[in-house]
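What follows is a set of structures to go through.
Next, two complexes with chain A in common: one pairs it with chain B, the other with chain C.
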Partner chain A sequence: MADMNWPKQGTAAVLGATPDRIDGIAKATGAAKYTYDITPDKMLLARALGCPHGHCQITAIDVSPALQVPGVVAARALKNVGAQVNWEGDLVAVVVGETEGAVAEGLKEIKFAFNPLDVWVDDSDLAGAEKAGRTQGAGDNTKLDNKDIKKPEEQDAEFKRLLDECKKDGAVVEGEYGIHVITHMCLEPHGSTCEWEGDKLTAHLSTQNVSGTAGQFATPLQIAATDVTVHCDYVGGGFGSKFGADSWGVVCAQLAKETGRPVKLMLDRDLELKNAGTRPSGFIQVKIGANKEGVVQVWDSKHWGTSGIQGGPVTQGVIPYVFDPPNRRRKSIGINTNAAGARAWRAPNHPQACAITQVAYDDIARALGIDSYDVFLRNLPTVTNNKAEVYKAEMEIAAKLMDWRKKWHPHGKGPAKGSVVTGLGMAIHTWGGAPHSSTCTVKIHPDGAVETFLGSQDLGTGTRTVIAMVVAETLGLPVDAISVNIGSSKYPTSGSSGGSTTVGGVSESNRRGATDALNLLLAKVAPKLDAQPEDLEAVKGRIQVKGNTAKGLSWKEACGLLGMTPIEVQGNFQRGVTQTNLSSNGVAGVQMAEVAVDRETGVVKMLKFVAVQDMGLIINRKLAASQIYGAVIMGIAAALYEERIMDPTTGKFLNAELADYKLPRLGDTGQIVVELYEPESEYNRGVVGLGEPPVIAPPAAIANAVCNALGVRVGTLPMTPKRVLDAIAKAK
Partner chain B sequence: MKDQEHQNGKSGFNRRDFLRGSGAAAAATALATAPQLAFAQAADDKKVVRDQTTITLNVNGGDHKVIVEPRTTLLEAIRYQLKLTGAKPVSPDGVAGAATVLVDGKAMNADTLLALECAGKKVRTVESLGGEKPDAVPAAFVHNDAQQCGFCTPGFVVAVRAFLNAHPQATEAEIRHGLNGNICRCGTYANVIQAAMEVVKGGSK
Partner chain C sequence: MKNFEYAVPRTEAEALGLLSREWGETEILAGGTDLVGLMKKMIVTPDRVVNIKEIPTLRGVSETADGILIGAVTPLDEVLDSPLLDDFPAVKQAIRGISSIQLQAQGTIGGELCQRPQCWYYRNGGGLLADRGKLVASGDNRYHAIFNNSGPAKFVHPSRLAPALIALGAAVRVIGPKQDQESLVPLAEFYRVPRDDNQRETVLAPSQLVTHVYVPWLNLHSATYEVRHGEGPDYPLAAAAAALEISGGVVREARIVLGHVAPTPLVSGDARNALVGRSVDANTAESAGAAAVAHATPLSHNGYKAQLAKTAVKRAILLAAGLETGGF
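What follows is the complex of A and B.
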């Protein structure tokens, strides 16, 4: 019988290798078809009109003039007169036509008028938001070493006493830090191409949730979920924003029904940024006290931010981030702004929490004149995830790769080359990454062909390649012998890709399905080889008696014994139900940044970045490294470049085009060094998700490096040249 | 409060609107300055010429008849009429580089070119680098895993092809300097650099 457990470290044939991704060439030559690329015959194009004001009441909306434009086939208002619009860009109408030109002209003809209402978009100004009545408490939590102190006034006194003690003996820092709202900026915008056949809908949807979106079309369209097929072979970015059919997906389906033709409705870039996903901001005021070794004794903070119209801040549970000192008080306040609701953004809450709290830990190092590395090291006993030893090992590796000890200088005390100073910073992170539930169908055909089906998706992780590797490992076949089918809601249900759950989930179901299928095959083959099924193994394209190449059949011969009927087996993993040795939960991760800062221009340049990451058992080392490179680059973007900028008067999102929304380019990212940390202790844990963790620490690590270079804290991210210069000027 | 009335597009004009024949959804009416208004007025006086005409585009070595209006972009023509969807619409101003194609050998953004301007020119799309034996650039992208979601990748592949055609011996520093016209949200830049370096050194083993 084939063993379900993963092979021992170092004995796997395929796992841990670096095969190219199996759909790589399709992606690199334009053959891969994304939702935006699906162009059924007779397809019509649709575009939406966004509301021009951040908060208003509609006084007129008339789409009929659009219908006079040649080439416009349909138009509809999405809101009625009297309706209140709560953010700029909220979709108010849509036009369908034969060409992009006709649709654009039609949009222009729509009559739309409104009464402006009061707008609030400033999420950094807590006092202003309070005055405008835009705040709401979002939870607080207090923890004191002395548990007998329970009354609020006594707790106040105790925090004061603890801070005074630190002031005497160690250091106290009163800091203000922040990180602005950013968008998901999926390069393929949200949208769909919908086509009907009678009463059956096929929705080609740009989604990270293939198995979970059919019902989201069916319910509002009042049809059965069985009559909906959601299809997505390739998705051009999601990052947590593409779990839903979205209101405009449903509208697209309705318009396809109404016109009797397939309709494509993808959001324009600006509407994409205004509607389809942002990450909440985070701002904090903190008093942090440490002893003279730099071990933090007390943390007392108040933080706020916005998730748009929902008005929530970064969750208080992750403040301070990873570390949890013996005395800690935190309070969180949400600000309700005229902006679309935030969506899950890669590692929800964590990057902001890291960016606004681990900078305070670094400021302790600055205040005491201690090496930041030592401050992080000495605080490891307080980490919340029991991974102090993993962090310690990863810190040592990272320090070596960065040459930290040699390059380190106290904050602001490094050598300057003209106006340019350099500095080092670090940060650490954590994430869960337990696999999602997943079901697959594995088929072994009598001619030896193998295929697997599941309603999963490839967000860019390389889902197809991971699945092929797991099945190939299990069946003793090469990776290219496995045909992988994902991307249809008609396939067995597999979880949405969110929270670093996919690689674990699809590995679970496919390892299980392929093992069961193999055992059925071994039972067929055993009599032929005069052996018991449990004595057989599948290796290198053969079914043979264990360790005996002479006594076996080729894979093809073995499958020939199936006669006419393929083997078909379901692999099933249910999160929280299925007992498993194949996967686990929880990672650490250490990152270090080296930057150069020009004191005259305020420009920060990335020199080098080191990321050391554990993820349990690694399926494909090349794809794993890519995830980390990419995450680091996204983190550099949030540290130095990107933010949403809003006009306080009209509530307009001012930089909602790529020309104005700054992102790093290829030349902006410096040298990135990735180290996959996989000692046997990690390998034996099984698969743990990787997508989120490496995107968490970069902003904090880079902010700390900038502070180390300048000796001055740039409190708010992204650290644009202006913010850098302002911080320098303020410190003078 | 007085109604803010406006007919979309009667209030602003920019390159993007010109290209798409669109008025930006209710552009900043209330904020318009006198010169802006004058410019908008001038823009309004222009008639949309929507007459269709059939032209021949030479794409990937073959002549193709397409029906275009003056405002039809090259991107719209190749994607919807020739079904060559490798070049991607990411932002109408071309700053993402995702719609990069070669026009007479030069890397250009198909989303900021009018189809009419391309008649008589030789257009090559990313698809011409694929097929049975893919070009060294996409092959190196695969080998170095320079794609994640892959939406930016076709544009990047064409940009790298064009850059290396002009600089076959490019150094890493030159690659870092010369390929800043493309945006990748998934963060494949490090892998793209490796891929380009591999092509310079003679392709993947």
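What follows is the complex of A and C.
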């Protein structure tokens, strides 16, 4: 019988190789059809109207004038008179028409009036938010080495004593740090094209949750989930924001029903940014104390931020990030702002937590004049994930790739060339990444063709290629012999792509399904070869007696023994239920940045970035590296460029356009060096998710590098020229 | 965008005949890199779009007796590639700064000079002057003007070529409103600060058209320096162009023009005065930069731009003189 476990490290035929994406050509040539590309015959276009004010009560809304515009087919209000709107851009009406021009003119004709209400959008100003009544406690937690101290006033005294002790013997830093709200900026906005056949709905939805969205259409439409097909072959970015059918998806389906024609409703760029996902901000005041070696003894912080109208900050459980010193107090406060609710953003909470806390650790290095590397190293015994040894090994690799020891200089003490100074910084991160539940159907046809079906999606990870490689490895076939079918809710259920769960999940189900299918085939082949099934193996396109190339059949000949009926089996993995050696949970990761800063302009340039990452067993080294390159670029964006900018009076999201929303271009990323850390100890853990972890540490690492270059801390991210110059001026 | 009538004239005369006498009724389309976005957001909603890109006389770079003539619809990359402009490095540096190959290939020199402000209050539908400047004054003005901003207009002029061309003494040929009317307007006099929402950012009337840019041959040392947040096509935070007449190692005459700091490109007499009669080195460039921003009047969130403008002036002067800038 074929063995379900992964082959020993170094013996796999396909796993760990670097084949191109099997859909790479389709994507690069435009042959791949994304949701936005789906245009059924007789399709109508729909667009939404966003509320122009950040907080108001609707006094009039009338869509009937829109219906007078030639080419407009339908229009509907999405809110009633008297309703309160809590953010600018909230969808208040929608118009459906034959052409873009007709819809645009229809939108312009809608009568909409409102009474403005108080607006609050400043999430960095805690005192102002408190005064405006926009704050709420979001949890606190205290841990003291001396567990006998329980009364709050005694705890206050103990924190003061501990800090005083550090001040005497080591260093205390009182810092303020922050990172602003950013959006998901999916290149393909949220939306769908919906079409009905009788009472059956097909929703072409841009989604990272193919298997989980049919019901989200069915319930509000009052039809059975079995009457809904969600289809998505390719999705142009999700990053955690595309798990739902969304209210506008349901409206699209309703309008398709009402007009009797397919309707496409994709959000405009500005409405996309205003409605379809942001990452909460994080701001913090910290007192941190360390001994003279730089080992942190005490952490005392208050942090705040906004998740929009819901008003939640970064969860306090990840403060400080990865490290947990013996004495630690943290308090969190949420600010309720007039902005749409945040959505999960690649590694929720972690990038912000890393960016506002590991900078304080670096400031301890600055205060003591110690190499930042040594401060991180000496604090590894306090990491919360039992991975101190992995971090240590990864730090050594990263330092070598960065040439850290040679390049390092104390903060602000490096050589200057004209007005340009350079610096180094580092940060570490952690993530779970256990696989999601996944079911697949694997078929082996009598002609030797192999196909697999599952309701998964390719969020950018290369899901199709991963599946093909796992099945090919299992069946001893080349990757291109496997036909992979994903992207329909009618296929077997597979989890949503969130939490770095997809590669693990689809590998689990497909390894299991393909192994079971192979065993059925071996049972057919065994008598023909006068052997027992357990004596057979599938290698290099043959079924043969193990190690004996002379005693075997070609794959095609072997499959010919099936007669007229294909083999069909299901591979099934249920998270938390299925016992497994194929996958695991938990990663570390070390990143280092080298930057140059022009002190006269405040412009920061990335010189080099090193990312060392473990992920258990690596399925495809090229795809894994691609994930890390993308994550690092996204991290550079948050460190240096992107933020949501709001007008304080009207609550307008001022930079909700690609022209105004700053993002790095390729010329801004510098050299990125990726190292995949896969010693045997990691390989033997099986697959662990990779999508999120490498996006966590870049902002902190880059902030620390800028501080190392300047000798001045730029407290708030992104580090725009304005903030860099302001920090330099303040330090003078 | 709303529906519109589309006209493609083949001659200057035809083009003039298609333009309305009222702002807003017709818009001129060249490369479209700015206009199309404005139309999609319904910031401008013309009844007729007049595409002038098919008028053959408006395209190309040629030499005249005393200068260079560039047709208004000549794409920026053609200007960049033209050897006739090799001795005007300020122009080529400004085009290179645009970075995007698509914008360089699609955008035209006339369109670049006539593009509309990027002010986010304007682009979000608040009107060109954003409630007579109140939205900008009380709002987020980190990218707005630090000079000439006491009136309602607080945007910065977006052109990246205008500072260089003004420094080089360029002019634009303007035709209309009447069929046989034409004039040569010095680019330094082409821009103006609008006082109300019915005015635009240039002296053009609605039915006038820029047909050519003329750059005189004055044997100047020139350079453009833009402070850019990144390497992408985003607009600079501040910029300056310098054109210097140098003989015997001494600056005899200078024109220093700042960009992205005022509602128009801004000629700095103070910077000129700090430079003329001296040789160019880091100190004189620094003092010219300081002089250029000495009278800046920043808004609530853009004080940092004075430092950027000062640095841009200093570095443009150093570059024009063939010296190192000491920065990126």
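In the analysis below, the second predicted complex is superposed on the first by the 732 of 732 C-alpha atoms of A that agree within 3 Å, B and C clash if a C-alpha of one lies under 4 Å from a C-alpha of the other, contacts with A are read in each partner's own complex, and residues count from 1 in each chain.
Just so we're on the same page, a contact is a pair of C-beta atoms (placed from the backbone, for glycine too) under 8 Å apart; a residue touches a chain by one contact, two chains touch by 3 or more.
Treat the numbers as computed from the prediction; the structure is a model and nothing was measured.
Touch criterion not met for A:G82: it reaches neither chain B nor chain C. Once chain A of one complex is fitted onto chain A of the other, the partner contacts of A:G10 are absent, as it touches neither chain B nor chain C. Contact with chain B, but none with chain C, is seen for A:T39 once the two complexes are overlaid on the shared chain.
When the shared chain is aligned, chain B comes close enough to touch A:T29, but chain C does not. When the shared chain is aligned, no partner comes close enough to touch A:P381: not chain B, not chain C. Contact with neither chain B nor chain C is seen for A:G576 once the two complexes are overlaid on the shared chain.
Of the two partner chains placed around the shared chain by superposition, chain B is the only one that A:I633 touches, whereas chain C remains out of contact.
By the document's definition of touching, of the two partners only chain C reaches A:K662; chain B does not. By the touch criterion defined above, A:S419 lies against chain C but remains apart from chain B after alignment on the C-alpha atoms of chain A. Comparing chain C and chain B on the residues of chain A they touch gives the larger count to B.
Touched by chain B in one complex and by chain C in the other are residues 52, 99-102, 104-105, 108, 650, 652, 657, 659, 663-668 of chain A. Interface of chain B with chain A (complex): residues 1, 3-9, 16-17, 20-31, 48, 50, 69, 71-73, 76, 79-80, 83-93, 95-96, 98, 125-127, 129-131, 134, 138-139, 141-143, 145-154, 157, 175-177, 179-180, 182-193.
Taken together, the chain A residues at the contact with chain C in this complex read 52, 99-102, 104-105, 108, 417-420, 596, 598, 600-603, 605, 640-641, 645-650, 652, 654-655, 657, 659-660, 662-668, 720-722, 725-726. On chain A, the positions that touch chain B within their shared complex are 20-21, 23-25, 27-34, 36-37, 39, 43, 45, 49-53, 59-60, 70-71, 99-102, 104-105, 107-116, 185-188, 234-239, 266, 268-271, 458-462, 622-623, 625-627, 629-634, 650, 652, 657-659, 663-669, 672.
By the touch criterion given at the top, residues 1-4, 37, 42, 45, 99, 118, 120-121, 123-125, 135, 138-140, 142, 227-234, 237, 301-302, 304, 307-308, 311, 324-328 of chain C touch chain A in their complex.
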